[in-house]
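In this document, chain identifiers A, B and C correspond to the written order of the chains, with residue numbering beginning at 1 in each.
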């Protein structure tokens, strides 16, 4: 009877991924019926390009959620890093785009370092630390930009080509996203430090006792998140050829929504890349398809909120029913 | 000349207000099973934490293989080859069994530092099979039962070629069958040259496993004996240090009519068919091994967790309890097992703790009358002889025994008919224990019905009128305490037949 | 046997009285006024002290229930969105023909319902941390506001409506009068009633409260309802002051409100803090903002300052707590234990 219980729980996890996949397929078909331009090569490409920035951020947020944290500041970090790199390009147009990217990553990493320090060493709650930083960094963005925008004509062609160009035939953004995923997939599944992230999230007290450098791990995760947000910032301003003070306001909600849809547990300790990819795709479909079936953009935030709420509640209900089933199979 | 693998000499450890270990000595030979026995609060867990490096001794020295060592943290003890398996499993429920085994010493490729999962899974499977377990190491740790998780912990110790394995109350949460498995595994470890220290206050473990036994009492080292030199009574004398009967007050018992009844209570996967009656003036002991489900039954009665089948009867009338406040309103109180986490608010003053269950009594239309709170608290605290300077003392500053009395004070402010005490003397020093027994006897005399959950056989025999023994979620037996013996209770708790205990 | 006399009265201790957080706040408060008066020669007059609070008092209604929320060990970041939604609903209702007084009631009802909704989810799904639930409702409530009004403004309220936010009675701003009444009510609730005692208890140790027969769900629901109701008040006063409303009003209110509560000495760990501190903090941050406005510092820089204040206050409070714990022989304490798993 113990085997039965084990099998059921194992299956429940696979089931979730499978169910999500089925849902995505069904949803796509429904949308396609309403608007046949949905499943065209060009639309799918747009969808993927849009989703790629989100997906880069989602990897970072997944790690943050695994260690039982949260990061509300990534929208502001995107804005700051984007603004800084855009400003640099407008002043030094000959700068190589790779350097611009590195610059953005550095800005993001600095923000992440500060947040990580606050959370891991000073025991500030992640929500407080990142809510505070969200506003500090946003304020800095306005300061740095002097309240002005950087627009397309101020950006060098190579810079703008970061987002519009292609590597090996695939759009650069998608390419970068895929590379990031491969790197982080390897990191969290096949390196010792990567697994320690899961350990810290699964049982922080045991991690401390087993000699896992819990403080350093937590710090590191926030630095990664910041760096990824920094990268996303450069890609963002390149893609939209514009850097503004209010870039990416509220974007963190979408990232969190994608993670939650992908089954990342809010209690920490678990989350798989496969689920994350499905969550990102589903979220990308929602964003892409809603305008196609004539849903007004003003509905977007409301739907997002409803989706997050529904997803977290469903996750809880599924977990509860699993536990109840497991208990039922225990013979007393 | 004996070559000991581990030796402690003159080790002492003090915490604020408490002397946890006092000039303790200890020696451990390789390839032996050495049992540490003692009552609650004797110092066993502090002893283990010093060996594993969680605590650093204030005085004394430790020698490993004859050489002096300082163990300042779990990393040091692990490097020496000391591994510990605790009662509360310190594992990672979301990670796989293999990961739990190899965490901290993963198998990696020398060149790329990549984790070599295939090798680790294979090795994990191998270790598990050596221990007689057949489950797949790839599954999540959280899906395993407690017994299986313990086996994984042992596999973990084996994977680091531990020379000393410490087991803390290993059979506490295990069924009879699982305990047998554990005994077999432990003996095999010993035969392979590993030194095993196990802590237990259960005779059964001592009988089946120990080669030698060391007894601690009240933070002091009492002695070390070979198994052959020791028997039940001598061991109990060493642990308790006094004639057993002296501890318990003589009670004049007049048991009146039925006050509370449980019929056919059950909760899926936890307990089933629980039925017993409680009378006014009676102390009913609820005993069994840890994990038998006693606390779960009490929490269902008290309204913390719902039950799926059965009924409750108070004074002959059927009642339903959906929440602790209903239980209290109907006259059923509960002193929880986790005194600090569920019984008290440590940051709060005494008077605030005492009045918490019945704030309505100390307020008018919701407005608090702190003067009446403080005065009533003063009355009750003086009645129970709680050692404190003023009602403004924080609960955290009290000793364990006084904290327990404080929770009893809390219960007494409510109008109760039935009081459930869950391990009331756990972690309480000897003097306070007697005081608590006196209080219980007094309450019984006043007509309360008392249910006492206890794992201490001695306590159960000394205080209760009747004993309900639970085993693996069901009632194994109900005895008239005066007419039963420790052996009978133990046998019912373990579910063994006549020969089981002396094998 | 000695008669043990237990003390039921506690003498007055100067040290204990003056070593409190609130005195530090009073000092900072005075400091701000001193600095401000150097920044503007016209600062020190009665008019300033009467009119300036009207610029920040609207959000201060939220500080009162948020104090309860944080003492309880929870957090609520959806309050800004609740304000926006109820304001938008009121404006839409009025402009659809409903009388203004009724529209105002609808505003309060909407806000209270938003709070109740939060509370219901928290109570039914205890596995979900308050942070995540209110993060979801933050998005949902404001999202609904956008669905209703899109990017339009709505207003055209009757003239008398502006009295709420702009009017005075006997020289004292109406908002201030209502705020004082609410502050006194909340102070009484928190410090003198069983309800308040239970809030402190749940923030310190929710389990013990449950085992002591406290109906923790009921308390949580009431705190959520109060939060919603006060958000409704904020919506009324804010809308009255602005004369119209849009779905993007009250952005960042949650940041400022939480900053005020934390600056007021209420620790995110729960179970600690008094009402006086956050009230002082309201005026500190309010007059600080005003002073910064005098030297033309932009709103964005103000955000930086408030964000920094928030983080610094939490850090200082945490260090105070772990210092106290170490001294009394405890182990280290997770600040925010109720906000994570």
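By definition in this document, a residue touches a chain if its C-beta (ideal position, glycine included) is under 8 Å from a C-beta of that chain, and two chains touch if they have at least 3 such contacts.
No experiment lies behind these values; they were computed from the predicted model shown.
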Report task. Specify the chain most distant from chain A by Cα centroid. Result -> B
Requested in this report: Identify the chain pair joined by the greatest number of C-beta pairs in contact.
Outcome: A-C
Report task. Averaged over CA atoms, how far is the centre of chain B from the centre of chain C? Could you give it in whole Å? Result -> 44
Query raised in the report: Rounded to the nearest whole Å, what is the centre-to-centre distance of chain A and chain C, using the mean of the C-alpha atoms as each centre?
Result: 31
Query raised in the report: Where in chain B do residues touch two or more other chains at once?
Result: none
Query raised in the report: Taking the complex as given, what residues does chain C use to touch chain A?
Result: 75, 77, 121, 125, 127-129, 131-133, 135-144, 146-147, 150-151, 252, 254-255, 258-259, 262, 268, 298, 300-304, 306-308, 310-311, 314-315, 318-319, 322, 334-336, 339-341
Report task. Would you pull the chain B residues touching chain C in the complex into a rising list? Result -> 15-17, 302, 304, 323-325, 327-329, 334, 336, 338, 341-348, 352, 356-357, 359-360, 363, 366-368, 371, 374-375, 377-378, 381-382, 385, 388-392, 394, 396-397, 410, 414
Requested in this report: Over in the complex, which chain B residues touch chain A? Could you list them?
Outcome: 54, 73-75, 78, 90-95, 99, 103-104, 106, 108, 113-115, 117, 135, 139-140, 143, 145, 148, 266, 268-272, 293, 472-474
**Report entry** chain A to chain B touching residues, read off their complex
**Finding:** 2, 5-6, 9-10, 189-192, 195, 198-199, 201-203, 205-207, 209-212, 265, 269-270, 324, 326-330, 332
Query raised in the report: What residues of chain A sit close enough to touch chain C in their complex?
Result: 68, 70, 72, 118, 122-125, 127-129, 131-136, 138-140, 142-143, 147, 245, 250, 253, 256, 266-268, 296, 298-306, 308-309, 312-313, 316, 319-320
